[in-house]
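What follows is a pair of complexes built around subunit A, which joins subunit B in one and subunit C in the other.
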Partner chain A sequence: MTTQLNIAKGINALKEQIDAPTAAFFSSCVHCGLCAEACLFYTETSDPRYTPINKVEPLKRVWESEFTLWGKLKKVLGLHKPVTDELLAEWEPLIYDGCTLCGRCSMVCPVGNDISTMIRKVREGMVASDHAPEGLVGASTRAVKIGSPMGVRLKALEAQIRHIEADTGLTIPIDVQGADYMALLSSMEIINFPEYIESLAKIFKQAGISWTLSSEAFEATNSGIQIGSSDIARELVQRVVDGAEKLQIKYVISPECGHAYTAIRWDGPNLIGRPYPFKVVHILELLDQLRQSGRLKTSGQYSKRLTFHDPCQIVRKGGVEAQPRHLLGLVASDFVEMADHGKMNWCCGGGGGVSANERADEIRLTAFKRKKAQLDEVNVEVMVTACANCRLVLEEGLEENNMDIPVIGLSELISDHLTEE
Partner chain B sequence: MSKQSLLDMLQQQGITRRGFLKYCSALTSLMALPPSMMPAVAAALETARRPSVIWLSFQECTGCTESLTRSHSPTIEGLIFNHISLDYHHTLQAASGTAAEQAREQAMHDNKGKYLVIVDGSIPLDNPGFSTIAGISNVDMLRETVANAHAVIAVGTCAAYGGLPHASPNPTGAVSVGELVKDKPLINIPGCPPVPTVISGVLAHYLTFGSIPELDELGRPKVFYGQSIHDRCYRRSFYDKGKFAMSFDDEGARKGWCLYRLGCKGPMTYNACATLKWNQQTSWPVESGHGCLGCSEPDFWDAGSFYRALSIPDGDYAKAAGYAVAAGVAVGAVAGVMNRSTKASAVSQHSPVSVDDFSVNKNNNQEG
Partner chain C sequence: MDISNANEFLIWTRGSGFNIAVSIFIIGVLIRILEIVLLGRKQDLAEPRGTEWGPGFKNILSRSLVDKGTFRRSPFVVVVGYIWHIGFFVCLLLFVPHIELLHATLGIKWPGLPNPLVDSAAAVTMFAMLALLIHRLMHPVMKFLSTYEDYLVWLLTFLPLLTGYIAYHRMINPYPAALGLHLLSVELLLVVFPFTKLMHAFTLFLARWYTGAMMGRKGIES
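This part shows the complex of A and B:
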């Protein structure tokens, strides 16, 4: 039984999203426009429609007409600007193609408005009014029905595991009851970057960590967060929680993936409405803990000139900024920072579901000019990052610009330098 | 009237032409005239004929006259003042009694329609007997003298706005000159006392152009009263940085920080003290470590303590604020409850979205 998604449901969903912080944000906005310069979709297109605060116009209208005295008065007098289906259709590309929820705008807002969270809220209204882009609908549908936004089934994972085990002689544990750590993977890691799984196995073997994958909850990517539907996001988080609780593990490891981390670490408990019986760590946090406790032993240094791309969700929302630098300190002899690195790093342009949305391909490559400019300044041979989605988007952008810079995952770089025992 | 020109007289007093020209250029810039006007100002002052001036002192303390005349050495300000034909001035004239009053009447008669009247002090209206000169009440003398004057200059805050005599409860029913003189050009030069350069500057303007300068809404020449003390104060940078002296002997006071919290009225006071300074440009109140009293503003005596900071209300607003806060909380609470119910009804109307609901998927299902 399906329900009809329409404008009335969209407006209702936007109403649901108004809470005290949102109301405070709208009333404290001073219209300074600083967020525009923080957004790569504005800086690279110079189109003022991409100003972050402009993207939340539908939510603002609902707030004003439903939650403020002045707005209610205007509504009675027929002076308010209503949220219409046409408005949402017009705003859809701004919300989905022209925003990666990277959160850079929230960092610069002088009155502290969390604009990217507000844009995430607008997506709820877009979903409820059937204005989500086809690419993200497809990814979410596959995530719910198949278990992975890229349609990766358990069989595919098992095949990759067999490969890795055959190549390396390592064991990749699956469904080990009572293990300390349960690792999650993003589909991209299974399909495009299986070396991540191999790296985990090598590092954890050396460090003597008890870990496992779950056959029921191996997918970390949460398309519900990207499309902006709490209902879908909740279902996907619940799967991970169920899997972790079934195996009675102590820690869930978020993989090298930005939104997966935000989904499982920050949004998850709020979505399911209760605390987890386990803790969530990002793989970089765990690796740095191992380094600190002397359980990560590396030898030799990577000598090529390299830089690190901070994935937005990890550095800005997660605060994982020092850890990758400590880890690079172990294994890289010629590490240079890009301008605006760390918490003010520029997004790759493909986060927040943009890379899953084919309609956004053109603007995503336009936005990549910002990353190109950052890279041109440092003149590196190799890029390192810690997000499979960033990695794929960066590779595509570099290829489009004929830049011969390979992109590698940080975990992989570490595992390549593990001391052989 | 004397045949002697101003320059001749200044030279007799030992003021060099160079000193005179410096004064003229300072005056030109003070009056916000283009630099090219300087020679015109100098030429006009050099050859200016002495206008007849009648100075009336009513309810006042003579501080305004002192401000202008009590200098340690002769100043150009003072000499400009000398240059006018001061035909009647209670404090300065040698004549007394009937002879003095005759001088006033003579000047009024000889210069009918051309003489200037300068007034310092306020005028009591409750009982004319409160202040009389030669048996004539202040109000009668003012009306009689002003009747054929060219213009009237109210020097000092008492004349301009009532000043101290007008302060609550105003026992004499004191009023300003402006409340009585409505049909003549009137220039207010408030201050308790006014800056001497401002007084002489207005006279110089009159001597140069034969007209009165542009005035603000309180009748003050804009060239001297156009900017607030605060905006031109050399301690302004401390205000901007939030560095305040909290008492007159604390570290902040010694370091010369802003006196706002000690009651300085600079932000609401328009006068030229901060730029012209006092006593031959030696210092001025804020520079000597005391906040501005706001003496060039109407009713400054009744604006609460000189030592209470401007932003602290001087009435008992605590109760009113309490009620306002309570009312605000109540309105806020009602608005909050209403908004909560708006949101709650939205939440209750929520029907979960499933991926099958998207029209893309529905169409695909139909095709399949």
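This part shows the complex of A and C:
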């Protein structure tokens, strides 16, 4: 009985996802199979089930039987393929473990299908029909209840801030009414990479930026986007919007976290149903603006051979591609690009909630072989990226493969080269 | 088939058969396109970084060119895919009798290619299609994705080429029977068109535009 109810909810959620682009995409697929070659879960496993367009089968069935005359006719005659609980159970690992929503498939489809957006839509149906993986359910429950997918509370942030302030003598402003910028952080930055917070403080002090953190809205990660629940995503975005409106800031800074950017920059206004009264700027955009206006003063160059790992959500799906290159030009003397880079970069393998889903650990490390192959070609000493999740996933993959390549955040690299005053 | 039966068959395929097929094709395609477009899109409330129209149209063009990575990984599908699509359109649009037919029905015309050239194009196209069919049956991904529809559409696309080739070379007698078969195969193709992936010939413009427009909004080069 519950299963029937869940299936009905799932199908309804999928129906709500169908729009003109989705219908155009399904109508256009010719089963050429080229999207498989763009997906690291296929290239590294050779398992055709991971072909991106195959992952959207549940949504396709709903579209065909509910939104086409031909499909409706087939349904009446009992010739359609219905969406069943078994189908969703079978597809769950393909949708959550074998897809990081990296969007590379959407770049190569010859008929122009945005497949990764369709996979994101399928996740809505998965959540509604109770088919989301435990790891992501846990993360999004913590995000809603505690305010962070990793369970990081304000106290933990305050403790990190005290450490940084004691170590550096800098001030990390909190709840400053009317500041220009409000910075968001990802839990991973607070716990694993607090040097990001320190870098912001150093850079903003030098540039004379008026900024603040909010004690009520410091968390940037949005587990709702990853699990595919617009309801959860909306609630998490609303917290940031409330925090920003309360402090009356002009700009919200999205941190070095991929999905946080998609959530707050592109999906947020649509989730809450209104435009923001503030602007959202990615930290790399802001740093590049400061560079252009001469407010980012650096000296010396990092001489180790390094490459940049483009976080999918920030570059391919976020449009922040030139900025990291400009910034690296400022501080790195031996920067080499991987053969596929920028909007065609390969994902670290852990985005889209995959790294929060323990069940996917094995396939994630298999998928990492793609990144390893890319790295083997460029022979670098250091990797730079701009996403705390990419960074953790890369570090684990590198360690697993006995590759001694440290990974650093781009903001941190910039802050290390600030001209001392 | 004796000559009078053959003539009757040809008259039907030229007359009623043709009219029925074209009607189903036109009405079907219109319904399918309306079904898509009328679904609409929700208004995007996120502040755009760029525009939609230009990048949408640019994507319509740029997706016709393959990206380097895809070419490196699947050169066969890419090259043979181009060959058969181009070959098919050469046969359809640049064969003088086809142009004359269009001129007679629609009143528009353009220069064609010499017959022997179109003849070779047809042969090349058929070889390319056969090669792709074998690839579809063998390649793990294509085999996995393929349904009966893919094979049916392949067959119905192949038949007009084959029957056209047969008619041109007078391989079936009497000639009206060969020509009638060619017309019938085209009519079959037109009839299934709106109900199958053949629709991509129209909807890919929508698909590419929507994706390009989304990329444009976000400031990603399409």
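Here is the rule we go by: the second predicted complex is superposed on the first by the 416 of 421 C-alpha atoms of A that agree within 3 Å, B and C clash if a C-alpha of one lies under 4 Å from a C-alpha of the other, contacts with A are read in each partner's own complex, and residues count from 1 in each chain.
Note that a residue touches a chain if its C-beta (ideal position, glycine included) is under 8 Å from a C-beta of that chain, and two chains touch if they have at least 3 such contacts.
Quick caveat: nothing in here was measured; it's all calculated off a predicted structure.
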Simultaneous placement of subunit C and subunit B on subunit A, clash or fit: clash
Contacts for A:3 in the overlay, against subunit B (first) and subunit C (second): which applies, first, second, both or neither? first
Regarding the shared-chain residue A:106, is it in contact with subunit B (first), subunit C (second), both, or neither? second
Of subunit B and subunit C, the chain that contacts the larger number of subunit A residues: C
Of the two partner chains, subunit B (first) and subunit C (second), which one does A:130 touch, if any: first, second, both, or neither? first
Looking at the overlay, does A:49 come into contact with subunit B only (first), subunit C only (second), both, or neither? second
Considering only touches as defined above, state whether A:343 meets subunit B (first), subunit C (second), both or neither. second
Have a look at where A:69 lands relative to subunit B and subunit C in the superposition and call it first, second, both or neither. both
Between subunit B (first) and subunit C (second), which does A:16 come into contact with in this model arrangement: first, second, both, or neither? first
Which of subunit B and subunit C A:34 touches, first, second, both or neither: second
The clashing stretch of subunit C against subunit B, among 6-14, 60-68, 78-86 or 96-104, is 96-104
Dual-contact residues of subunit A, meaning touching subunit B and subunit C, are 18-19, 23, 67, 69
Please give the residue numbers of subunit B that touch subunit A in the complex, ascending. 335, 339, 342-343, 346-347, 349-362
Which part of subunit A faces subunit B closely enough to touch in the complex? 2-5, 9, 12-13, 15-16, 18-19, 23, 66-67, 69, 127-128, 130, 132, 134, 137-138, 140-141, 144-145, 229, 231-232
Per the touch rule, the subunit A residues reaching subunit C in their complex are 18-25, 27-34, 36-38, 42-43, 46, 48-49, 51, 53-54, 67-70, 106-114, 117, 265-270, 273-276, 279-280, 316-319, 321, 340, 343-344
Which residues of subunit C touch subunit A in their complex? 31-32, 35-42, 44-47, 49-50, 59-60, 63-64, 66-67, 69-70, 73-74, 77-78, 81, 139-147, 150, 194-195, 197, 199-200, 203-204, 206-212, 214-215, 218-221
